[in-house]
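Each of the two complexes below includes chain A, the first together with chain B, the second together with chain C.
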Partner chain A sequence: MSRVKKILSNYIFLRAVRAILTVFIVATLTFFIIRLMPGNPIEIYIGQLMSQYGMSFQDAKNQAAALFSIDLNAPLSKQYVIYMRNLLRGDFGVSFLSQGTPVALMISAYLPWTIFSVGISILISFTLGITLGMLAAYKRGSIFDHIMSTIAAILSAIPNYLIGILLLIIIGVQLGLIPVSAMRGTVSPGIKPGFTWIFIKDIFSRALLPIMTYVVSTIGGWTLSMKSSTLNTLGEDYVTVAKARGLPESRITFAYVGRNALLPLFTSLTMQMGFLMGGSALIESIFVYKGIGWALGASIAQRDYPVMQAVFLIITIAVIVANFIADLLYSKLDPRIKIGGE
Partner chain B sequence: MTREILNIENLFVEYSNIRGKVKAVRGVNLKLYKGENLALIGESGSGKTTLGTAIIRLLPSSGYIKDGRIVYKGNGNEYDISKFSEKELRQFRWKEIAMVFQSALNSFNPVLKVWDQIYDTARAHGISNRNFVKERAISLLRYVQLDPERVINSYPHELSGGMRQRVLIAMSLLLEPKILILDEPTTALDILTQRNIIELLRTIKADMGLSMIFISHDLSLAAELADRVAVMYAGAIVELGSVEDIFYRPKHPYTLGLIKAVPTVTAGFRELYSIPGSPPDLINLTPGCKFAPRCEYKNSVCEKDEPMLVEVGQDHFVACFRHKEIGNGR
Partner chain C sequence: MKSREIVKRIFWEPLVIISRDKAGLIGFIFLLSILLLSFVGPYFVKLDTEVKLDKIYQFPSREHILGTDNQGRDIFSQIVNGGRDVIIVAFLAGLISTLIAVSLGSLSAYAGGFTDTVIMFITEIILTIPQFPLLAVLAAFVRLTNPTMLAFIIGFLGWPALARAIRSQVLSIKERDYIEAARVLDLGRMHIIFSEILPNMLSYIVISLIMAMTGAVYSQVGLIILGLVPFYGHNWGLMIQLAWTRGAIFYKGSIFYILSPIIAIVLFQWSAVTFTRSLEGIFNPRLRAGE
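And then the complex of A and B:
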């Protein structure tokens, strides 16, 4: 009995229940919302069959239904039940656009590239941002601080797709530093994946512009948050006491100021992960970088319902997982936070 | 034999802010003798904390020593603290003069265990033998009546305010400093915990030969712990003397007012006294005695010249033109 109670009140168990509930709600909402969008891919396809091959409406409809493996006459509620039942089995369905391709296969082909480019960007942007923010706080009121803070405020105010377009125009077109049109896609044809220098160099050069865009658009936010967080921490009594204790400046900077100033930024770090994955739709479309965002953009254009549903779901799951990891890590970083209140 | 260990000579400390220069400490001369307890008392903004932090040069970034010397006599040498480089200061702090702060609750880094912070302190002063530091830390924590094994592995938030203040006091004794500065050591604590800390400080005073400076607005704390008392007003010492002189024979109207303003349980609220007016603006100081506007003894001279400290009894100094008329009728 007490064992059952313990499991039920277990923090991770509760989190898992909440996560599943969230996924369910998001799956339901996306299912209905995307069906409310104007335009229906099957109708378009039926129209195509009729005009190109002179089929009758009924024949074309039957063929389309066979291809899309969806019962078109079924009411929405029945379609929903079928979708959910398949989803429970881990079946995302089959793409409308690339006929016969399972959506799961498409996701597994696109998702790693987005995780790669977004992950690297966050790493670079966060590291650089907190360093600059801390420097600005330590040199508060100096010219460095003024210039840094102004640039950071401007950068954090520009939407990332605008930065993407600017980079494309300036670096790709005006300066011609990067052959943009040759840089489409995630990996050059003929290069085998693996831990080879050629492969790593290739994927980084192709992800360069998206990564730059993410970094430039998020670094300002990190710099400003870290600056204000550091300034707050510098005013804490324990920093004064640490100085009175004669601790070396480096120890105070890293273990006393830095570590405490970082704590509040940690929550935003994981939020950013989800935010960038969702926002990658525009950036990846701009650079034709074939990650999950590009797949989302393409599938929306063609109303490829199964792919859209799957991508939205993946982004949701990514945010949930990132938040969960953040909570676990946070409790390790800040001893005042105890998971589950044991 | 009383030997001086610290000699503050004509010290001026200022803070610069948008409105101008705040003259927080104005020409303080003060000696601290070996093994004595000196209390610095005064109301908020009188410059007592500024004086205390100036001794270890831990003023906020807007503050600076305008003039004067802080001479520390230890290890057979004399050092002018006000001339120390950052590196010299770092080695000097906590090793020679340790300071216990008012904010017991926030004196510790929340993400490091007590042990890590004790070891940090030892290592900063070149003691890196873990076992040696641990033994010393455990004996000190036991000395301040804490359970060493439990406390040493705790995070600060797992300890109560009183326990944290004890840990900080224990940590302040870690390197056997010659001087301990305590800035409002009991202010943030409840009344019973205050009592315990006072008892602890008395024990330390009896056991160890170190000199202490108490900074407090709490006269009862000064009366219990101090050998000598310096009363500060508007950045200057207005009266200095033995604890008996200050409490039984005060010669400055401000000291008198402070004593009269202390509530006692038996007297009720009937005769609770408060000094009229408010402390002066330390940016635009008026000539004359700074206390004159609030003083019931003032005359025309008081508003023109500022009185200097004069000796009115053995080792009893007061900065007041009319000290002869004060305190006799109390």
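And then the complex of A and C:
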């Protein structure tokens, strides 16, 4: 028993080490992009201050140092250590444009909305997709299967931001079902957050178009993967044996076929999370849904480097954490991987 | 394998087999038509750049097959002239990704041990970093002055998933008898990888290249729509970006203006995916069990 436990903790331990190492590498990478790339933001900012406000080099440098919370006079290695220490404390510096606003504060205002909309979307899309995929597999060759598979194939080939624009045009502009420009932002002004019906209704209606976009763009992929995974499972010996044993159809469908067909899809789930979090930069910009993706797009467009750097880092960390959780979940669902490694 | 035989294997045989698969055939025909339209079309249809204020947002007519845009310019001419750059950048980026993926993936699988661990570790890490934000951030720093640069950046970030797939392919081929024989004959690692393993994966590599291209179209058009690709020119992505930033998409009559480039991109992506999916079915008959 203790040996099994050791292996289990080993697997989780390895995953945790990898997650932390990835965060560390990305943070380091960001530091060097900001500091060392030709035309890096600090040099640009110093140049701007000097030319626009007639500041002396020293003054401009001090102001830049304050913005990025980096001591520019220290040797690079020391700057790096300070940068990393600040990150650990959650100190990301101060925004360029809305001066004085700590970047960390901005992120805590944006991030929850992205996690909310992307999380709900994955839940809906995954559930619907695996149901449709299983149905298509069970009724393979039928009209239902053909129509579902064709639609799924088309949907999964369209870039998600184009689906977003299409939804915006069709639902918002041509049919006029949703007042698109009134639906910008994440929550209506004057509505207090809490577990009230008004608040929940409000945040869902505001997130409606982004959620629809994520769901429509990912559901095809889930349907197709679940269909082929189910078909593979249906051919397995244990399913034939279960049928021969005369087990009830529903038990075979859910406990034997469904559970095993689902397993391989979990690995795609982690990929999907990263992809959607990353793609949120476009989707949220299209709908002006003020989550972390919108913040990334806006900060890049305005060259607000401290915000941009922090937002990128946070998106990456969110994805890494999500992956880590998915890994843990997967090891619970499929005990084989704890023993066999990869 | 002789080169003629290789040409026959990757070009002719798939065509013969694909003509039996309906979806694949339609995908192939669409793909070919889009390529023809984008590369040959511009010689016949000149890009309409003349502003005609009396012809704004016209619906399709005999004169303007797809109608006109917010400045009275012919949309069809913009579609014909807008595909080339998108496809070239996608092809270059796909090629770079595939080259890196094939080299690293096969090296990793073939060498095994420590090399394998290191390469796969790097691959996993790059794979975890959300690609689009990284591209967007890089695009803000690197002055993207020309399409080649864009292709290089997209290509250099797009290889990890492919490398992993190639690695597992090589791992399975490695165990086959003829590789064993080559190893016994002591033909050398490079010879075995490049002359024995890779030619047997050519079909798979071609499929990977097309898939990498669709990925590159996604990133590329996404960057253009966000306004992060400053170089000038004319392409489908830019059409969408202009329609979006100038508010044309909020005007009911602009439907043909905004839909045309979207449909062009969607058709390209869909036909490429459908074509490769049926190629996959051909080269990997086990997948066909699912049909």
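As a working rule, the second predicted complex is superposed on the first by the 269 of 342 C-alpha atoms of A that agree within 3 Å, B and C clash if a C-alpha of one lies under 4 Å from a C-alpha of the other, contacts with A are read in each partner's own complex, and residues count from 1 in each chain.
We take it that a contact is a pair of C-beta atoms (placed from the backbone, for glycine too) under 8 Å apart; a residue touches a chain by one contact, two chains touch by 3 or more.
A quick note: this is a predicted structure, and the numbers were derived from the prediction, not measured.
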item	value
Touching partner for A:Asn260 - first (chain B), second (chain C), both, neither	first
Partner chain in contact with A:Ala281 - chain B first, chain C second, else both or neither	second
First (chain B), second (chain C), both or neither touched by A:Met148	neither
Touching partner for A:Lys243 - first (chain B), second (chain C), both, neither	first
Touched partner set for A:Ala157, first chain B, second chain C, both or neither	second
Dominant toucher of chain A (residue count), chain B or chain C	C
Which superposed partner A:Met134 touches (first chain B, second chain C, both, neither)	neither
First (chain B), second (chain C), both or neither touched by A:Ile25	second
Contacting residues of chain A [partner chain C, same complex]	18, 21-22, 25-26, 33, 37, 39-41, 153-154, 156-159, 161-162, 165-166, 168-169, 172-174, 180-181, 227-228, 231-232, 235, 271, 274-275, 277-279, 281-282, 285-286, 296-297, 300-301, 303, 308-309, 311-312, 315-316, 319-320, 323
Residue numbers on chain C that touch chain A, as the complex places them	23, 121, 124-125, 128-134, 136-143, 161, 214, 217-218, 221-222, 225-228, 240, 244, 249-252, 255, 258-259, 262, 265-266, 269-270, 272-274, 277, 287, 289-290
Interface residues, chain B side, partner chain A - complex	56, 58, 86, 89-95, 98-99, 101, 103, 106-113, 120-121, 124-125, 155, 157, 168, 171
Interfacial residue positions of chain A with respect to chain B in the complex	236-238, 240-249, 251, 255-256, 259-260, 263, 333-336
